[in-house]
Structure formats: C-alpha cells, structure tokens
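Order of writing sets the chain letters: A, B and C. Residues in each chain are counted from 1.
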C-alpha cells in the first residue's frame, strides 16, 4: 500500500464514476448484512457497517442463522473464532443465502494455521455460492492448494504482493477466481481484487492498519454491504469496498497526533468510513487495472 | 427524540428530585449487575455500567449463571446473539434472580425477526419475573401478540412513536404492562416508559444514536443498574435510565467535531455517562407524564 | 497504586536496564500469543498485544486450540466467560503449550465467585505448567486455599494490599509461588510480582483503571507477551509487564480532558502502550524489591 499511483482507469464502464455509484448505493439502499464472525472484532464490524451506510445483524446459532439470513441482503462469513456451533450455522446460513441469491463474503481467517480452519474454509468455499473471498496471500494460497473447485490452480504466487511480484500474483488471483467462481480479494501492500478476466490493483491503505485488530474483518463486512447494494457490478463493488477501506486508513493516519496510538487509530478509521463521501472516494482511490 | 420539551412534571412524588435520587443511588450503592448479553456490544455494556457507577459481571454458561446471579443485585438478559448454551443460562439465572427478588431487565433483540428469538423472548417473559422489558416498537409488539401473559392486548399501536401516535402508543404500553406485570420501555423518537397506570414520555436522545451499535443494549444494562439501586421506585428508575441515556446521546452529539463519526460518538456517549451528575440529569431530562 | 516511590533497585541483575530489555525484546521478537479469553474484553486484549509489539490470535474450540497454540510463542488463559466449550479448549491448549515449553499465564477471573470458576481455575493451575498467575487478592487467595499444589499455604493475607499489609502480602505471595511453582501477580493499590525468592512491589497505576473493563485482562495478555519474549527472565518479564501497564494507566490519566470519561481513558491506555518506549518505562517504573 506504499506505492501511490494515480488512477489509470479510462472512462470505460469501470471508471471512477462507478466507484462513486458503489458507495452511494450502499448509503441509499442501506443493506442489512448478516454476519457470522469472530467475537474479537465483531463490534468494529457492526460499527463499520453502520458507518458506511449499511446495517448489521449477528446470529450464529444454527437454529437462528437461516431465518436471519432470509431477511438480510448479504452474508459475511468470517472464521476467526470458528467453533462447533458456528460452523453449522455458517453452512446453514450460506445455503439459505445462496437460494436467495444474496452475496456471500468469505473471510478465511487463519486458513493454513490449523486443520479446522483450513477444512472449514474449504468446505464453505466448495459447498456455498461464495461471491467473494478476502484473505491475505497465505490464506488465499491455502484455499488454492486445497479446494476441490480450484484443483489445478498454480499456488506458487509470491508470499508478498509487491510491485515486483504483482504480475505473478494477479495471474494467480485470476486463475483462482476462474476455478472457484468467486471474486478473489488478496490484501497486502498492494490489494488485488480479481475475477477471471480483470483485476483491480489497489494502492490505498497504510501499514499501520495491521496494528489495529479487525481492519481485515471490517473490510469483509463492508464488502458484503457493497456487494448487496450493487448486485449488477460485483467486481467493482469489491474494488470500491477495498479502496474505501484503504483510503479511510490513510485519512485516519493523517489525523493521528503524537500521543495517539492504535486505539485512537481504530476510532479514526471507523470515523473516516462514516464521513467518507463519494467525492472523497473517487478523488482518493488509487488503482490500476490488470 | 427530536421534539424538545421542558419537563411538565409537578412537584409530586415523581418530580425531578426523584430522577436525581435515581442516579445518586446508583453511584452510592454501586450495584453489581449480571449480564447475559450479546457478544457484539458486551464491552460497551460493561463500560456503560462502570460509567454510571455500577459494576458488571458476565457469565453465560448454565453451570455458572445461577451462582453468579446470586451474588449480584440485578440481571440483564439480552437475546442479541442467543444460542443453545445461553438460553438455558438465561432461564436459570432468571429463576434464581426471581427467587432473590432481584430486578430483571429483558431486551428482546430481534423478537419478530426469527422464530428462535420470538419464542425465547416469550418464554423469558412468561416464565420469569421480568421487571422491565426494553425494545423498539416492533419487538414490543411481537411480545404483545405472542405472550401468553399478554393475550388480549391490542397490538395495533403505530409502528413509529411520533407526537401524532403518542396517545395510542402510550395506551398500548400501559395495557401491555398491565398484562405482563412488567414495566414496558419502548424506544423511538419519543421513548415511552410505562407501568399499568402511568407513563413517562421522554424526549431526550439523538437520531445519531442509531448509528452506534449497542446504544440500546447499553440502555438495558444501565436500566438494570438503576432498578437494582432503586427497588422502591421501579418506574422512576427506568425513566431515569432512559432519560440519562438519551441526554448523554445529546451531550455526546454536542461534542462531535467535523472529523468525528460514529466511533468517536460511541466514546463520547460512554464518557457522558461517566461524567453525568444529578444536576445535569435533572436539568436536561425532558419528559411528560401520560 | 497511590504511593509514588522512586525505584530503589540497585545496579544488580534486576536493575532498570532489565526492564528496558524486557520491553525491547517484545518489540524485537514480536511474539504471537494465543488467547483463550472472555468475549467482554477480547478486543482490548488484541489491541493491547498489538500496541506492545506482539501479535494476538484467538481460538477457543477444543478442536482448534491445540494446533493454534503450537504455532504461537505463549498462551494466555482467562476464565472471565468460561463455558463448556472453552474449558476443554484451555486444558488442551495448556497441555500443548506445556509440552512446547511456552509460557502460560492464568487469569482466574472470578475465582471464588462461583464453583465453576473456582474449580476451573484450580484445575488449570494443578494440571498445567502455569508460568504466572495474575489476579486480585481475592482470586489469588481462593487459589491458595483450594489448589492441591498449594496445600499448606497460609491464605490469611490481608484483603487489600496497602503499605501497612505489604509485608504480610509479600510473604503470602512468595509462599504461594513456592507451592505452585508459578510467578504470582497480585494486583491492587500496590502490585506484587513474586516468585519463591523475590518480589517486586510496584507502585505504578491509577485507581481510575478499575473504571475501564479489561485493564486486568489486558495486563494478563501483555504479560504473556513479555514472558514469551524473555524466556530467560520470567520474574523480571512479569514485573516489566505490570510496570508498563500501570505506567500507561498514569500516562493515560494525564491525557484526560474534563469531558473525557472511562471510554476515552480506555483508548488512551492502549495508545500509551503503543507509544511506550524503554526510556519512558525505565524512567517511570516505580518499584522496590522485597
């Protein structure tokens, strides 16, 4: 996220007015997002959703999850503190969301770090109609190596996304997107948002975001909101969410005083999401298409 | 909450000195409140309780809940993320609290949105000695329509509490209070706090409070504290908690800078609870009796 | 924590340069800490770990806990909202951590308040290779009275640690440390950090820390980080964590404005941890050896 670039998008269908529309649609449609997510950062996810113009609801009992999903517009599945109760709830909610054509975001937190996390992430990806997967390169490569639906994908992408490794990583993301039929969002110094044909490489963000727990979880939550409000343009919706989150990380960084640390930064990030308008987003988003 | 009015209370037993006493008793008695609540806003509930002068404890395993309730002065039940473990814990804690004549607050989050939530809220209301129920009009109407103890209550109250619908909504709240034997707190643009005979209509608050997850949950938690510290005056205790929370929403709103958003607002609300003294509460509370 | 004293440590092996090294090692080694902790303050624990230079991971399903512990450098067990799922997870993670010689911190929240909490704390202490136990005097005395490994310990220490009762409390802490083989950290107006032979009595902190939920939980979390980064000096590591947390409570107190309350204070405490450098720690730590 350290390589500022101006946008190189032309006035095609994916030009900056599209990002503007993505954000405005969230604010205008106020989608209700069902989150089955970890208890570490769940409060920040809820406030981030409210900040961007959506509404959150959390329900993780298998008996409750399906009905709650049915009244929502999108589903955010995050395995950060998965357990024997929430895994079946994720599957039940995900099946229901699929039946209703609600977008589903999967955040495979810690895939690769334990068997339960890896297997659960794979099961969710292979079983459900996942719209977008968001992870770091390690988590995404774990999915690429293990999912039945991604067999044959070359997971030898570099372990960090840098200008040098970008071409290789973009190719990997597109191939994985083609294999599993979901948009692939890989976060890192440069964020990649790819479907089988196109990739946004997004340069917004600040390294300090990694010093606040939950910036990735908040991104997954608001991605579900952007997708729910923009069913016609899922790739651009995901790019809009990623650019918005990264830009808010920058705006929040500018607000820090010498005594501030990661706790104030957390507050400033959510506040920036709250105040972000489409002018600021289109003016501040820095990305290129690959 | 947009219709400022000056207090119209006379110097009767419910005059402003009563609100003062409600708050002072919380600070002087420091009640310990057992919360079985959702994991989304639980941290804010704990800090809100500390801010108002009470102390929080959380325990939601069925094996633990009863003993913890026994050492507390009040119980706050919130079904925001209910599950197969916490529902029996709520019932066990509620029975024990009832035996000990501790006040119990029920926050039926999402009643009406799913079968599990509706049924659980009804079971808690019908089984336990609930002192006060706090919900939005939709949740409260769900209880009115389904609870065995409220059969015959006319649930055709308006779906939003406005000056135009206030009389109808107050009548509904009083009837429901009579039916189920609990104080009914309906939050909205105007908050209603009613028992069978009297209702406070409270005009404090800010619409921006709905942009912070957990302002309703915090209200339920501090209501339990106000009830525990004021066993002689449950209706006024509830009104004091509702006025205090709404007034803190206003004071926090005044503190916002242009860069602040809902995350700073959350901090300011809890800070306002921390700094709220009885002078400020009696001076700022805006309500009328019906 | 109200009795400021200058450090009386000589230039022995435990002099102030040792505290400096403790903090620097956390920042340089960036230990990954596995937390099985309560859902009330878990977000603050995660951000506190990030603030001090460590990294957090949470995993509390029995099927997940062991593998996650295996990739970490330390384990923090906190029974604040223990339940039937997390207790076996704590035992499984603790056994694995013991096999790998990872430090384990036990925070017996509420031991003595319920049978489940007391029994669980005792089982964890008696079964696992606990490196340090951190609690208030009431919790620690409960362990002393009940643990099989501490039979014979005189638990008649005073109920509050004050200058008058300090000698008695230090003797109790050392005896308990000898009995159970763990460093004993008793928090209070004066904090005691003791092994069988030596005790740090630490005067840092502010009474207002008790108005923020989770300051004790954060201390346990960062103690695990200090221990993981300083395997050669566990007693000094614990003293460093306790002094750092207390000092940050003081620095955060100095930052409060009249409108600030316990919510701003919470932010300032974590921010102070984020900005704390070894100069500030060694200059601000106030303790004496007993």
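Note that contacts are C-beta pairs under 8 Å (C-beta built on N, C-alpha and C of every residue); 3 or more make two chains touch, one makes a residue touch a chain.
A quick note: this is a predicted structure, and the numbers were derived from the prediction, not measured.
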Superposing the C-alpha atoms of chain A on chain B takes a rotation of how many degrees, nearest 5?
120
For copies chain B and chain C, work out whether under half or over half of the interface numbers are shared, and give different or same accordingly.
different
Quick check: how many Å separate the C-alpha centres of chain B and chain C?
35
Using the touch definition from the top, which residues of chain A touch two or more other chains?
39, 43, 85, 266-267
Residues on chain A engaged by chain B in the complex (per definition of touch):
39, 42-43, 46-47, 50-51, 56-61, 63-64, 67-68, 71, 85, 255, 266-275
Listed in rising order, the residues of chain A that touch chain C in the complex are 38-41, 43-44, 80-85, 110, 113-117, 211-214, 258-264, 266-267
